[in-house]
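Take a look at these structures.
Shared between the two complexes below is chain A, which has chain B as its partner in the first and chain C in the second.
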Partner chain A sequence: MSHESIRTAVQLILPECILIGTVCVMFLTGPFLLGRNGQASPGLRHRWGALALLAIGAAAWQWWHTTPVAAIDGPFLSDGLSFTIRGIVLALGAVLVLAAWNQLDDRTSAECNACLLALLAGVNLTAAANDIITLFLGLELVSIPTYLLLYLPTRSRPAQEATIKYFLLSLFSSAMLVYGLALLYGATGTTMLPEIVELLKATSLTESPLLLIAAPLIAAGLGFRITAVPFHFYAPDVFQGVPAFMAALLSFIPKVVGFTALWRLTALTSRAAAESADAVSTYMASVLAVLAVLTMFIGNLMALRQSNLHRLLAYSSVAHGGYMLVGLLAGGGSSGVPGGAALLFYLAAYGFMTIGAFCILLAARRSGDSIRTIDELAGLGSSQPLAALVLSVFLFSLAGLPPTAGFLGKFNLFLAAWSSGVSGTRWLAVILAMNAAISAWYYLRLIGVMYLQSPQPSTADAPTRNLPAWIATAVCVAGTLGLFLVPQAVWDAALLATQ
Partner chain B sequence: MSESVQQLLMWLIPGAPLTAAILIALFGPKVLRGQSHWLCWLGIATAFGCSLALLTSITPEGFAVDPSQPAVVIGYEWIKVGSLDIRIDLRADAMTSIMLSMVTGVSLLVAIFGSGYMHHDPGYPRFFAAVSLFVFSMCMLVLAGSFLMLFVFWEAVGLCSYLLIGFWFRKPSAAAAAKKAFVVNRIGDFGLLMAMFLIWRTFGSLDFDWVLNSGSTEWQMIIGANRETITLICLCLFLGAMGKSAQFPLHVWLPDAMEGPTPVSALIHAATMVTAGVYLVARCTPLFVWAPTAQLVVAGVGAATALIAALTALMQYDLKRVMAYSTVSQLGFMFMALGAAAAGPEYVTPAVTAAMFHLFTHAFFKALLFLGSGSVMHSMGDVIDMRRFSGLRRVMPTTHWTFLAGAAALAGVPPLSGFFSKDDILASLSAGMTHGDHRLYFAIIFLVAVLTAVLTAFYTFRAYFMTFWGPEKFPEEAGAHPHEASPVMAIPLQILALLAISIGFIVGPLTHRFSSYLAHTMGLSETHPHLHWGLMLLSTAIAASGIYAAFVMYVRSPAKAEEARLRSGRLYDLSQNKFYFDEILTTLVVAPLRRLAALSVSFDRTVIDGAVDAVGRLPRLLSQAPARLHGGVVGNYALVMLLAATAAVVFVVQALGRQ
Partner chain C sequence: MSSFAPILVYILVLLGFVATNLILTHVIGPRRKTAVKDMPYESGMDPVGDARQPFDVKFYLVAILFLVFDVELLFLYPWATAAYVDSGGVPAELKNLMFAVMLVFMGTLAIAYIYAWKHGVFKWR
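Up next is the complex of A and B:
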């Protein structure tokens, strides 16, 4: 690889370079700021948090000045999709930094912030990958810092259990994914994504039986990221054991990478993209449709049973993964509402509402880590009216009711699935609507608990002040309402990404 | 004025009251408290200023270009997804700007009055938040550029009305009245919704600029091919108007709505919201001219309402209820005029102008009368029964003379505003009597209108004489010294009184200002109306006879009133008991519905609830199986994942094999 081609490649991933540079600084200097016995001066976390925000700001500035260009030859590309994903991820990454701020301890905050930035860079690299190797590297750059982040902030038994579970299952799924990608390379003879996509569209499965195994394995590996049933098992256990900001992160970031990678490999999944009659995608679309239906139903049905808010939101996150799969399957249709754009819009909306929900649980806590059980919500409407109102906004959005982003997001997904012209997606649209109705039950029940039940006497302490979490919440409220009131800009960006 | 300034003005008209409403709702209870009225005043005053600027600035330019076109259409593009394009359009033409100026002007005066009237009420901020929200909704209602927007804000004003009727929600009668208003209005809303569906099916659009634009040939083809549908649309639209404008038999909610604070009665249930129905029918004139049957229905229902309400008002002792029935009756007058457009194409514009002009003048004098009643009520310690006080004219001189001005305008004393507008209505009815295909029908309606006008003069002055004349008498609730209204209440009264006296003279038929301005509305054309001297004499005679009768009965020899009461017997009872409409509706409509509801409840309890509970239990049952898998053992999780991946491979292989 010549000097010139490296330079072009780096030019395309400047925002990520900024993030990775900051990560290096944090990892290298972090240990030196600790005392001899490993103690940090109080308040050190504020400095690391500020540095992380600064890095995200710089990356965002760089991102804003990139112009999307069409596909090129090289390991990276900077097209509409990566532009939109970067925007969403940087905005919500800043929110995550704020949410993590006071949940980190001064000693480990350098490493934790570094891991956060690294995984944001990983998401962006996945979106910028033009090659299955960079794609996989991007995915792993998300996974590995996630393990660290799960382990570093808390050392309690539930957290350790959660970490181990996530670690093992994530490794397992990565193994399936890398096996699938290797077979894909074997079947097509190239690692470049655009070439693979073209080949897959035209190739009949009978010609290259390797794809028979490659495609399901890739779907399984990525299915873990998007918490598709039955690859979702880790979610409730892990969400329950980890701090709120990590649960927020896990509900959103893996979905972004998973769907980005699936979208890049759209030739594997989209029936409409197939040119050959029995191209691999015609079969995989059926497999994914089954996954989508299972994911929506099991996610929502299991959420009905939960009394722990983290578990409830974990299953809700599973269900939302199912909704987005519907968008993916409707993608590439001939209608005026591209499913891919609906999916991207939903990702942005979902990011604001799910992260916002965890943030407000964090910000409104009375003692300990965050509000974790439904019982603790009782009477929140009178004891903390603002927090109750804000949580209601997020719950409305998750349930898909106006005037929130969730409504418009589900509406777009429904329109896309209904009008895509791809066979079978109309059924998915109907099932999506049914599931939205089921989900309303457990979201709205929480609002009922907050406003109609009287508070428990033991939880009457004054809330702990957590300014960064409140700022993060405010950003999420603005996003949730803003995407409903002035959605056009984001919708245009999503459209641009899918062209 | 440049276009951008105009756009800013148009956004400010609804925007300022909305901002005020939000700010008061957020900060009212904790921060603003007793100062909440300032924000409300500021918001409405801004809207009023902008409305006046709009009134003076935009139309002349619009006139020059195309007299029938709206002055401004501006839109906020909410979202465009595929073929779905949702816009929020504001649209202003002559009719809109007149309505806007009237609505915001009266609202401002009522809000000023309200700050005195509502003083010391614990819900003070809530009152002003709701009033601001109402002004916003009402402005949006008249600025709407499509039926959809109109419907949204039609519901929004209904909501504000509900909130304000039930303002004192701890009082059972207020809560019941609010509920009644809401439920009765739903019947009208059903009509409006049906009309919208039909319009969408017929025209393929809900935009005024398309549905009401009679200029294009395509439009005329649609109309020609769907004459029956157009009639149906117009009837459905009128059903919507009947609900909101309290027309017989949906008028029962309006008198009960007087449970709300009196400024609210003045603003919403006299001057503005209840005229929305008249506005809707006037706005849809281009459709109504193609549906003469609907126009006859409009006129007939208007006449029936006017007469029945006037007869009911005769024997009411509650001052506010007299005014409420009078409002219903006057709205009936407006609908009569709108229906009179059936006389022929050249009579459309005068008829609609007459209705709109009466709407305009009525807003001032009826708001004045309500505020005057409010002032009386305030001073009498919330007693409103006219039998318990009298002779207030010396104690409350300002209230007295302003009330007299309003009463004279309502009775149609020349040259006050009500005289001119009522005269216009009689003129268009007489045109229907002498021209067109339905002469006999309109002759009857004309007679009803004349009779109603006499009754109006009578009951108005009956209320006036009973309240302000006779021996001085105060109820014990008023305390030792009943007081005149404070300046903050007196000034709006005086301004409204001046307007009620002079507005007809300034813009009425003598100068043609109103009619030549309003002519620049879709469906209307420029006409050159003339004065109807004969009718004017008749009107004067009507007013004089009604007032004289009231004077004889209630001032000169009160014994006569008693005698008349005894002699009329049955009729008196009917009027006193509001023709038993509440009772009739209760037996005919409410009771069967109750029984149906009881049946539904038992059906719901046993069948539906059973089914729902079963379905609700089903997810739990269904989730038992996956719940067992979620046991927390990592090995199992990995095994399931592996099995799933294998299943996917097997599926693909066998699907391929089947081919």
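Up next is the complex of A and C:
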């Protein structure tokens, strides 16, 4: 490691340095702006929100001007995957800041915004990791601010329950992951990801039985983050207990970071397929394929029975995790649609539609909390036509119907799994299509409730509109429709990542 | 075998020290018995009863801050012992860079310290 390579490494993560620098400023000045009794002047949250948006803007500007550098020996790299993930995360991070805006109180908004920025930096560092140590650090930089964000905004009993559940399970999953990574290091003798990937493709399980244990541990640790099925139990309870912006964040950010880490670790998306049938990456793929099937079916079947919207969207996020696993398993593919590109495109589309759905549930209410039960949706079509229309767009997209991003995303995933030509992945494609049909039932039922049932007597709402949440919703509508109408730029970026 | 002789001496001294101390405290130590003193020692907690009782959050705060500075020392020691030796330490061209990195590290810790201080963690309320 020389002077030059350290300098290159720092230059590769300049957008994250901007975010972390802003986090430091927020934590440093935040306590000094509070009064002697710990109370803040009203409206302080607007300043912190604006600063957070500014930091994300500066990071995005820096991101746009990064040039891919071939730094194979450093701790970071700047390739197509990190470019695409950074773009998606910064855009949707700004949406999350807007969604959180009025759900934070003035007293804790500095810490909350700082945690949001730290978490975005963590996702981007994971995407830029070239080493299992930086990969794990990035994952933890996502987890730890999430714990704070779960409890800081609301201090209710459901929030307590959600925080404890998420905290303990997340710790266990991190422990399992780091154990798996340690065994991976023991078996391969290197921490550099490109070398590990090569070894995983070339090594067979009989040569290195350590990997037989490492692979399930890694799948479990990251499966928690992508809410793959045996590790999904926390999702509905946590989503139910936390504010809408946190539910939006939890449905998207852990998925991005989990799939990025899986992408880097499993070697499933690289173009050259595994050499032999008993190679470690083939074994890893079969573990993940089982998880994918379970995740799709259980997520969708459980969602059918939910009456709480946060729980319903939690199970929907479980199911979507399964769809994306299919994309990962479809791999690079020497012919046809590359599964990795389909996965990345779906991540972007899913981010816009799920965050948008939570945003409109939040914005439709003026009381500061979101709409939480299906009964409250009744008659929204006549009482708030705009909100009902917007929510319908997101639900159409989640169900995978045109003219929305969700349709193109699912179509790409199906095509990728089908065109890979392996019979196992073709079965996954069939199961994906079946599940898309199951999921349509519970999404379209909500639209039916909004337009066909008569409204309930309305409760008195506070007179102010939640303007930032409406702006966030507008951005998400633009994203959801835009990715259907003009998908080429994002698709090109996703294709770039698979090369 | 003779190279292990110092270890044998060490073990003997160790056992002797423990035995002497135990015997001496029993022989010449004053005994004033109170109910609290007769309790088994359990780090200041009540040794009998439910272990899952809530206790003050300020203990956690102090413990966490202690960990922060503990880890800081852990990072400072290797750097301090390797940075300014003539051979075998940090390469000459990296010395200034490493110094800057350590400053950044201490700076972030200082931010955490100021944050905790301003929020009144050090006031034992």
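Here, the second predicted complex is superposed on the first by the 475 of 499 C-alpha atoms of A that agree within 3 Å, B and C clash if a C-alpha of one lies under 4 Å from a C-alpha of the other, contacts with A are read in each partner's own complex, and residues count from 1 in each chain.
As a working rule, a residue touches a chain if its C-beta (ideal position, glycine included) is under 8 Å from a C-beta of that chain, and two chains touch if they have at least 3 such contacts.
Bear in mind the structure is a predicted one, so any value in this text is a computation, not a measurement.
Visitor: Tell me the contact category for A:I164 with respect to chain B and chain C: first, second, both or neither.
Guide: first
Visitor: Output check: A:F27 vs chain B and chain C. Expected answer is one of first, second, both, neither. What do you get?
Guide: After superposing on A, A:F27 lies in contact with chain C but is clear of chain B.
Visitor: Looking at the overlay, what does A:A220 touch: chain B (first), chain C (second), both, or neither?
Guide: So A:A220 only meets chain B here.
Visitor: Does the superposition put A:L212 against chain B (first), chain C (second), both, or neither?
Guide: A:L212 sits against chain B, while chain C stays out of touch.
Visitor: Should A:S286 be classified as contacting the first partner (chain B), the second (chain C), both, or neither?
Guide: Only chain B is touched by A:S286; chain C is not.
Visitor: Look at A:I6 in the shared chain and tell me whether it touches chain B only, chain C only, both, or neither; answer first, second, both or neither.
Guide: A:I6 sits against chain C, while chain B stays out of touch.
Visitor: Under the stated touch criterion, which partner chain does A:R305 make contact with: chain B (first), chain C (second), both, or neither?
Guide: A:R305: touches chain B, not chain C.
Visitor: Once the structures are superposed on A, label A:N412 by its partner contacts, choosing first (chain B), second (chain C), both or neither.
Guide: first
Visitor: Under the contact definition given at the top, report the residues of chain A touching chain B in one complex and chain C in the other.
Guide: Correct list for chain A: none, the interfaces share no residue.
Visitor: Note which residues of chain C are touching chain A in the complex, please.
Guide: 93-94, 97, 108, 111-112, 114-115, 118-119
Visitor: Could you please specify the touching residues of chain B with respect to chain A in the complex?
Guide: Chain B reaches chain A through residues 77-84, 619-620, 622-623, 626-627, 629-630, 632, 634, 636-638, 640-645, 648-649, 651-653, 655-656, 659.
Visitor: Give every residue of chain A touching chain C within the complex, in rising order.
Guide: Contacts found on chain A: 2-3, 6, 24, 27-28, 30-32.
Visitor: Hey, which residues of chain A end up touching chain B in the complex?
Guide: 164-165, 168-169, 172-173, 176, 205-206, 212-213, 215-217, 219-220, 223-224, 230-231, 233-234, 236-237, 278, 280, 283-284, 286-287, 298, 300-302, 304-305, 335-337, 408, 412, 415, 419, 438, 485, 487-488, 491
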